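Following are the structures in question.
Shared chain: chain A. Partners: chain B in the first complex, chain C in the second.
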Partner chain A sequence: MNHSQRHSNLKTRVASVLLVTSKKYQKIFGVAMATMFAAGCAQNAPQDTWQPKGPNAKIIDDLQQPVFAVAGIIGLIVAVAIIYVVFKYKDRGQAIPEQTHGKPALEITLTIIPALILAVVAVFTFGAIFKLAKTDDTEMIINVTGQQWWWEYDYPAQNEFGINQPIISSGQLVMPVGTKVLLRETSRDVIHSYWIPALNGKRDAVPGRVQTLRLEADAPGLFAGQCTEFCGLSHANMRMEAIALSKADFAKWVANQQAAYVAPAKDSLAQQGEAVFLNQCVRCHQVNGLLRADGTPAIAAPDENVWSGAAPNLTHLMSRNTFAGATFDLLSKQCRDEVWNAPSDEIGAKYLAGVTEDCLNQKDLRAWLRNAPAMKPMYANPTQLTATGGKYRGMPYLALSEDDISKLVAYLLTLK
Partner chain B sequence: MFSTGFKYFIGVTVLSVVALIMSLFVLDQVALAGVAISMLIVVTALLAGIAVVTRDGQTKTSTPELSKDLTTKSIWPLVTSIGVVLLALGLVISSLVFFSGVIVLLAALAEWMVKSWSERSSRDASYNSSARKRLLNPIEFPVLAALGLGVVIYSFSRIMLTVNKSIGASLFIVFGLVVLITGILFAVKPNMKRSLVVAICVLGAVGIFVAGIISASTGLREDLVIAKSESHEHPECGAERSEHFDKLAEGNLSLRSSVDATIELVDGKLTARIVGFNKPQNSVTIRRSTATNFIFHNLDAKEYRLVADLGNRAVAEPEGKTEKNLVCTQLTAQGAEQALVLKIDKPATVGTSYILSVPGIEGQSIELVVP
Partner chain C sequence: MAIIERETEVMVPVTVTPTSTYGVLKRPVSATGWRAWVFTVDHKKLGLMYGATAMFFFIVGGVEALLIRLQLAAPNGKVLNADLYNQMFTMHATTMVFLFVMPMAAGLANYFIPLQIGARDVAFPRINALGFWLLLFGGIFINLSWFLGGAADGGWFMYAPNSGPVFSPTNGIDFWAFGLQIAGIASLTGAINLIVTVLNMRAPGMTLMKMPIFTWMMTVVQFLLLFAVPVITVALFLLSFQRNFGARFFDVAAGADPLLWQHLFWIFGHPEVYILVLPAFGIVSEVLPVFSRKPLFGYPFVVFSGAAIGFVGWGVWAHHMFASGLGPVSVAVFSLTTMAIAVPTGVKIINWTLTMWGGKLYFSTAMKFSIGLIVLFTVGGLSGVTHSVAPSDTQQTDTYYIVAHFHYVLFGGAVLGFFSGFYYWWPKMFGKMLNEKLGGWNFWLMVIGMNLTFGPMHILGLQGQPRRMYQWTEARAGEGFFNLAFWNLIASIGSFVLAVGILLFLINVVITARNPTKSPLDPWNSRSLEWMTSNPPKEHNFDVIPTVHHLDEFFHRKYEEDSATHTMRQIATAEEIMAEQERNADKHIHMPSPSYWPIVLAGAVPIITFGMIFSHLIAVIGGVILLFAAFGWALEPSTAPESDFENNSSQGTALDKVGH
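Let's turn to the complex of A and B:
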């Protein structure tokens, strides 16, 4: 399944709202309503809030199910009562009945009952809030940093997981199953909000503050999410995915993320690509271990070129399945479907295979290098950067030749 | 003879000529200012010529009989032209001059308008003047009072910045007493001559104003001069107390939650507490180019400060040289807390590292890891 399919339901909903306005379309509205109702039962909905896949989401679900039931029953009673009254007392020309005012017993009862119901709901709600705010049982920490319009993850050294130097990645959050992961979120520019519906609720990423969010997955799997705090032009294209791997697979992933940089083979296309990369890309993108022609390490300077001060670290780009805020696939449709549809116990192996040359989504990656702002709206027009003091918001159009793009793709394919 | 319009435009022209001559002396770069003011001179001179030739465009019949002998002298044409000149000068000199021009101009036009309206409102001169007052006094009085008070307060503050600290305190007491006594005097003698009251007030205000001018030209008192010259960007981050940087050290923080790490100094040991890590850490992984908040919590018996060593940075003079890039808190008393905000743009390169440490405490440090 691709991203556009995931959101076709939303389109149907918007369309249905637009149609109500005209009487002529009432029939269509009926059908749309039915579709909408049916959409609620969709099985293949990765951002469904009613399908918890971990204990934290389960806490929320255990709260919302009974509250929804209670609210539903009350709503039904009220609706039936209103309909009954409307029909029973509809104007048939009868005399206006006696008007009364003030029935203390009734009024007090009708105040106390809802208050009691809300009090009971409040008790369980507070319980859930406190459970979700716990941080002292954390087993693993991941720093999450939001910026326009992608998420960065860095894993501080944690020897119990074999992480002895920081790992840095973007778009897809990789975590071990059955582990209490604590995200420490902040932002480099405006407020964003991190939300993987299958694993927990939302938590805002606020500049200058570090806020925490618990995540834990029961079984290996891929869980989609998106930024849920409006954060500017490409807010809708700021997505993320959480990938839960078995502990053994996670250890493999960690080992690969810490593997030393391997320079492309001499005289290969990829080696030419490395040269182009040093010329064009390294001013924003860090590739750990990459050396300049003079043998010094190439340290990227996104702080001098990008408004948020950061650009994705590409050291292990091809170990991820998506790019640019998890909005585009690095895998071709077929290969990506294979990962997404794999049974839980095979997902790890499929994901760890990363992006091979056969599976690469050449079209989108080339289009990105050709003209990134054409694919994802960004304020990256070099002539309009006065508001940001000459810095780009997002990745700019770089006027690369098709030749250079081919070289770069060959090089990027080596960054596994 | 000379029509009103002519007088106005010729006035602006003359003042602009003065401004042009002055700008030749005052400004380093006259090019733009000169052109602008010269254009103003040309335009207003032309308008003055037109006004005198056409007698302000007035024909005999349009002159209203009613108001002729009821009009009184007006300063508003003069103030208006001053406003225009300030406006034009401000365009080239500074926005402050420009905006004061705008304010003067608006105020003068409003006054002028209301005045000429009131002078035509009836045949009775005293009624006309009361009409003007009714409309404008509620605005004029508060504005003038605020301006007057502002001048007095500003002058007084200049005095206080110049005189020695202890003299300043006594001066404040004396000044307060004088105001109080004068107020009591006015209150117990309600029949005092009006002119006497005015004289006392004006004398007091002028006295403070003059003293303020003298103080301002004398300059700040010595310790303020020293404090001003001390760099805030390069605080002294050593173990010893720095005279000004460590003055009035903060001890309490409102920033308590949601920080990256709390750095604690207990019994000569430095550790980092990070939400999520159950045990104290001796390194903190912080994000690249992100404002990162730390709290320094000193639980040791002496005063200490937390210092972040961020490697070397280039200095402006002499070129090519570098200096240590240190960021630090003030000296923090026992039990007190201070915040330290860091932003590190690049990962440490081989052989260098970013370190948090406490001067005077040996062998204890926390590494800042920037991935």
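Let's turn to the complex of A and C:
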């Protein structure tokens, strides 16, 4: 193909190219519009990063919205400039233009303009970074420990909140509204990352380090989160929720967490369940106040069985809505929706009702007790334990009979 | 093969094969058949082999990507289990970064840098061959793990302590670490080789500021490699010692800080990002001027912004760690540097647009890919700027928004750039032009497919879907028609559209190979020296080494400015320029000779690393082979000796320049 032949074809070719080019931009524009539409009209995605529900997330959102807008405008300018050039300067048989090598003044101007825009962004970014790093205005501390593949919460004694002895919980972080909560994060094995998008950005939980994250909720609500640092096999199944309660409701929650152990009624199914629990579960799972048959306190020893050294404390299991790293609901679908969809001022009461027998998600809980690793991948197969010296990295298969499972479920239901 | 003797009246090169035996073995002499490839030290053959290897791994990585998208098309996907999914995304990234983009760039650099600077080969031809074989063997070594107990499963970033022997008990990460070490030697030797080549072997008159922009960008890349690869080498050694010899560099119980790995990895990893994308910038900066019939707008600005990216690229690594707890001062500093690096990147976008401004645009497939790159890379660049706002990044990091960002940068940047280069340089490399019509389909399916695949990921990420999850759940997908389930499905459909687009390229390659039509000498009316020779180039590249007077030397030999209109008029055709060259051809060209040793030496290295994992005896055997090969190499002169020549070179350009 020589030069002149090419020229003869050129017009039709260029025309067809441009026809498709314009379609391309229609497409890109269409996708952009759909993006704005979808992002704009809230789909109630529980982890939406553009719907702050607390002052820390609000700082981030106020910073990022203008940046997104400016970036969008610049993107549009570039796209329009390219479209213009493509249409305006297509080969219509014009002479080969002068071989100009650039205009330094124009170059420098076009370098300085983006630099100035970024300088303005930098100023506001700096402000936000330091605001979000503040720790001296903390009103409440919660220690958060990540472990494959669940989160443990440890509320140190803080008398002003009625916490007279440490509360240990997992899965769902319960906090009072309008209170500057400081999470102190660490990990027992690999790096995890704590993220409740409605309340703040992420902070990694790094073994050997304690790092802080501010959380504060404006109004009572349930906020979804997810571990966001890849932490091995079941990273996808390491979720969490933050529950913000009114100060009065929070006080009730604290009181319940500190309530003494109530042994199941004599000769009940639950009491038989307690025996199964003492026989099996207590090797890893602590229930505060639980006594062995001989009257001595039953102390769990997860460090002997779990590589990372801990297992969820189940003392008030039924005060939570989820289990197994917030992967499964303890509440049936209907009861769960009632709590999650409740108006802000009713969430506290509904949440504090806990899990009743009618509302229990029997199916998933029984399946979990039957064969946990089948529901959530964990290194629980004996052939996979050589590297850890026989210790598990998650709940193993326990070969419980269906009878034992029924007894256990009855017992767990008493752990209000 | 080794020495090309020609008399002025004889137009066909006469190949003289050395007869003497030097070193441990006789030299390989085949100029045809598989031996001509396996023992070659010719930069063009090695370039093509790099390209073919990269293309193979591109398909491997692509299949891994399709499996990932199949798994994520619907909630609670069952295509892969958690273990296999984790291996899949780890290997997808590893393959695409280390075994596709880097080798493809190395291949193009190998092929075109000597041609663009008017040289007859690279500075160290045998080391060049060694680099290729190490890359190939390293790539195969990493992928062997699929068949030997499972591939690496810690993510391509391989964060400690999750990469330790307790948390990843299979040998996958051992294969990964050693395999990357092997490929790393290839990158390092390649970098040294090309830097020496560019600095010492440019044609007379080609000052650095008259050097083609692709060569410039590749030179920046080689410097980045030279300084970045040693960092990952150190990190990988720490990891291998931890896993294989009980060292405790990342063992928290022994007092280690796991953030050490992150710093090491990203001090390598961020320059690596520019290693991946600058080659594409170079290609686009070649293609746009050719098809705009104008020089690159602001050539010095593009050169210096490339170099600036190369420098500032070292000061931004911790923006990968904004959520890891660095403290506000560090975060603020790295936020600022990350914003700063957006400026030279923006300069490139502006210069490309202004290159087309006022031009005479011809929309070949290569040009379409280049224009596609400008638009799509801009999208990725702008989402990158949103990450530099650190508080905003703490919401976005480790979500699909990041996945969207870097696929716009790497697919919209690196991959579209490569495809632009394929269509542009195919006639140069193979003497035949890829089908332009099929090329149009190839382009549009890739662009549409990529936007369908990665566009929705912006939404997925901003609405809270984290990365690296083998399943996603409807409970977190939101409500309404445009919920996350919808966008996940669109992304999966898009990935198959994209795959069809790439398949069309492969079909195009086959069709072109079967089509007997030869390409014209200068099909695109090009500007730089690589087009001032035959298609494909002769083994010695140029009959006579050109003397350079201009940036875009070849163009200025074809055109001169009309003093009245300042437009350009043709004064010579490419054929005339070639004929002139042949008339003045160098009489005596001395090319480096093929050698057995690079492939033997490279082959010994994976045997050693295999032995490190399974049995130290095997490692010893590998070590013996390696020593044997090194001695053989050392005793073998790089070119056949002078005694093989009948008369001493009068214009021994190649002998003087092609080295040791």
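Quick note on the criterion: the second predicted complex is superposed on the first by the 371 of 416 C-alpha atoms of A that agree within 3 Å, B and C clash if a C-alpha of one lies under 4 Å from a C-alpha of the other, contacts with A are read in each partner's own complex, and residues count from 1 in each chain.
As a working rule, a contact is a pair of C-beta atoms (placed from the backbone, for glycine too) under 8 Å apart; a residue touches a chain by one contact, two chains touch by 3 or more.
Model, not experiment: these values are computed from the prediction.
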Next on the checklist: Contact-wise, after the overlay, does A:394 reach chain B, chain C, both or neither (first, second, both, neither)?
Outcome noted: neither
Next on the checklist: Contacts for A:157 in the overlay, against chain B (first) and chain C (second): which applies, first, second, both or neither?
Outcome noted: first
Item to check | Partner chain in contact with A:264 - chain B first, chain C second, else both or neither | outcome: neither
Next on the checklist: Just to be sure I read the superposition right, which of the two partners does A:146 touch: chain B = first, chain C = second, or both, or neither?
Outcome noted: neither
Checklist entry - Touch check for A:47: first (chain B), second (chain C), both, or neither? => result second
Next on the checklist: Quick check on the superposed pair: does A:297 touch chain B, chain C, both, or neither? Answer first, second, both or neither.
Outcome noted: first
Checklist entry - Who contacts more of chain A, chain B or chain C? => result C
Checklist entry - Is A:132 in contact with chain B, with chain C, with both, or with neither (first, second, both, neither)? => result second
Checklist entry - For A:273, is the partner it touches chain B (first), chain C (second), both, or none of the two (neither)? => result neither
Next on the checklist: By the touch definition at the top of the document, which applies to A:171: first (chain B), second (chain C), both, or neither?
Outcome noted: neither
Checklist entry - Taking the contacts chain A makes with chain B in one complex and with chain C in the other, which residues are shared? => result 206-209, 211
Checklist outcome for this item: In their shared complex, chain C is touched by residues of chain A numbered 1-3, 6, 10, 13-14, 17-18, 20-21, 24, 27-28, 31, 34-35, 37-39, 41, 43-50, 57, 59-60, 63-64, 67-68, 71-72, 74-75, 78-79, 81-82, 85-86, 89-91, 94-104, 106-107, 110-111, 114-115, 118-119, 121-122, 125-126, 128-130, 132-133, 189-191, 193, 195, 197, 200-204, 206-209, 211, 224, 226-236, 239, 307, 377, 384, 386-388
Checklist outcome for this item: chain C residues touching chain A in their complex are 81-83, 86, 154-155, 159, 161-162, 165-169, 252, 255-259, 292-301, 323-325, 327-328, 331-332, 335-336, 339-340, 342-343, 346-347, 349-351, 353-354, 356-363, 368, 371, 374-375, 378-379, 382-383, 385-386, 388-399, 433, 440, 444, 447-448, 451, 455, 458-459, 461-472, 475-480, 482-484, 487, 520, 523, 525, 551-552, 555, 559, 561, 565-569
Checklist entry - Of all residues in chain B, which touch chain A in the complex? => result 258-260, 274-278, 283-285, 287-291, 293, 345-347, 349-350, 369, 371
Checklist entry - For chain A, which residues are in contact with chain B within the complex? => result 135-136, 138, 141, 143, 145, 152, 154, 156-157, 166-168, 182, 184, 186, 188, 206-212, 286, 297, 299, 301-303, 308-310, 313
